[in-house]
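So, here come the structures, one by one.
Same chain, two partners: chain A is paired with chain B first, then with chain C.
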Partner chain A sequence: MAIFSVYVVNKAGGLIYQLDNYAPRAEAEKTFSYPLDLLLKLHDERVLVAFGQRDGIRVGHAVLSINGVDVNGKYTADGKEVLEYLGNAANYPVSIRFGRPRLTSNEKLMLASMFHSLFAIGSQLSPELGSSGIEMLETDTFKLHCFQTLTGIKFVVLADPRQGGIDSLLRKIYEIYSDFALKNPFYSLEMPIRCELFDQNLKLALEVAEKAGTFGPGS
Partner chain B sequence: MSRPGNRRPECHKINRDLFVLTYGALVAQLCKDYEKDEDVNNYLDKMGYGIGIRLVEDFLARSCVKKCHSYSEIADLIAQVAFKMYLGITPSVTRNESSRNEFSLILDKNPLVEFVEELPAGRSSLCYCNLLCGVIRGALEMIHLTADVTFLQDRLKGDKVTEIGITFLKKLEEKKCRRKK
Partner chain C sequence: MTVHNLYLFDRDGVCLHYSEWHRKKQAGIPKEEEYKLMYGMLFSIRSFVSKMSPVDMKDGFLAFQTSRYKLHYYETPTGVKVVMNTDLGVGPIRDVLHHIYSGSYHPYPASYACMWSWW
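Let's turn to the complex of A and B:
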């Protein structure tokens, strides 16, 4: 999947819509014996692999479940701390499932508001007057494209760096928003978008963009 | 390079008469519900406002207009692009010489009043198309501009032309949109 996610941010910086379009996450479950040869560390309320990448378990993967029971942040389901549990030789052999950690919806809300503020700072830092805010943010694994409408709504798309045609996708998402969210009489402005038709049409537009994109005009 | 406006692949056409009749039914029902003309006018304006705040995004999405830098550009845009897109007419824009912020849209053809000859007796101060004023007001507010939009002249009331006056007021501060705590 070349388009990873879509975020819609309202005028006040609140996230009103979010869609994740990732490929099925690579998860690896392995049985380990004491001592664990992976280095685990606690980060942001999650237990992540810090070092010792092997067999599909990569640095940055989080502990998703132990012995088949889902892990809750840094605690196992029965309330024990994961790092403590895995430090105790008596609990081995143990079967641990690792995978890419998912962002919780709270984290997404926070990130959206942070982006909103950075966007505003970006347009103020500009040496030229009347500059737009951040239009694109590029990293080695993804590109973030942002389009702000004249009314202040931001559409943010995270895509593969090679994916083209994101500009026209952003305009298309704006049209879909104006059609299926705004024209729905029961949708209140600035509130989270919970419209089936919006979801469906957005997914369709993403599919079209992915198919046409990489060979289409550059964004 | 300018982009052509995006057209929807399936452009639903509905019968224009249906739209005009629906509007007429709306006004007639409001007249039954409210005794005073001002009340009817107010409600039409409020309804128009609710439409305007949503319609503006559709307009911006489909017409790909750039940010305007003067009130006269905005008035021209409303008359030549917006009215054309939604009502199929192009009012002419005149500007009040004495004030920088006052503009008038002169409509020589108004599809909404196609079947109306004159206002009924006892409803002489009814603004039949007040919905349009609300739409313009709502749309402008979403792009951070407050304006007073009223009918200055109305053919239904005996004037020669129908004239909508737009008076731009203070520009709304964009920073007003603070996150609700």
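Let's turn to the complex of A and C:
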């Protein structure tokens, strides 16, 4: 039971705050000998598995580290190209760690804007009058909860499907936002939130939500 | 439990079937546009969900709900998508959508030799 991440999106659809609280990562490290029986391809500045799924290594997983040294995009830490390095028989046997690629900040920005549009389309395609946008999106691995304030700010929380008390958590995050971001004289509206007290209180609120499951009255 | 409407899409985004039972608000755009918008939204949600998910997914996107309705989604391995809008009091109906596909769509159009192009 965990809360994975929190996103705050402004009126225009831009991401103004993001926090990754808990990331369960399925990673697999294996030793390979030449030739590599997986097909790797370069996609979006990352080296991904295109074919050859086996033993916990799935299609779409990225190369995370080679011989224990973290890989930087398509280059190894020493600046060599990963695909070239793995194409050279002299470098084998090699130990490679594969896993789900982490989202870059750019990707998070794009996903937040994408959700902002999907929220609006959900409201437009409604068969009922007076519908809001998407408030809860369900998949088999996570549940996305969204609360839109009267001023157009969206608080988005990604949590485990079985986690409860997210509605009160969203209201609590709204409270923390108005107390520590809006009341901060140096904070400009709709801009990225860089307030330490907001971070601290948000982390505390997430801890309470994970443990208790709900917030009591008067908290 | 109220069912508002049902859409059936093939893997290319063509709307194969649309049924409406209780719909109080139309989308305000022509039906063709509405099908395209619905398919586009589902395509984007699937891509969004596969990137956001913290672990590898098996079934993927299942449903979403707003303050007034809930949209249920089921996709077959061949890319046929069954989408149903209901009211909020409805739990998971994945098996119902599967039945709509296998019981109603699959045996009849699929057995007509002239319908091969739909696949």
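Rule of thumb we're sticking to: the second predicted complex is superposed on the first by the 170 of 219 C-alpha atoms of A that agree within 3 Å, B and C clash if a C-alpha of one lies under 4 Å from a C-alpha of the other, contacts with A are read in each partner's own complex, and residues count from 1 in each chain.
The definition used in the following text is that a contact is a pair of C-beta atoms (placed from the backbone, for glycine too) under 8 Å apart; a residue touches a chain by one contact, two chains touch by 3 or more.
In this text the structure is predicted, and so the values were computed from the model without any measurement.
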Partner chain in contact with A:Tyr75 - chain B first, chain C second, else both or neither: neither
Touching partner for A:Gly13 - first (chain B), second (chain C), both, neither: first
First, second, both or neither for A:Tyr85, with chain B first and chain C second: neither
Touched partner set for A:Leu182, first chain B, second chain C, both or neither: first
Partner chain(s) touched by A:Ser113 [first = chain B, second = chain C, both, neither]: first
Dominant toucher of chain A (residue count), chain B or chain C: C
Partner chain(s) touched by A:Phe32 [first = chain B, second = chain C, both, neither]: neither
Chain B contact footprint on chain A (complex, rising order): 11-14, 113, 149-153, 171, 174-175, 177-179, 182-183, 189
Residue numbers on chain B that touch chain A, as the complex places them: 6, 53-54, 56-58, 60-62, 64, 67, 142-144, 174, 177-180
Residues of chain C that touch chain A when the two form their complex: 4-5, 20, 22-25, 27-28, 34, 37-38, 41, 44-45, 48-49, 51-69, 71, 85, 87
Residues of chain A defined as touching chain C within the complex: 4, 23-26, 58, 60, 100, 103, 107, 111, 114-115, 117-118, 121-142, 144, 158
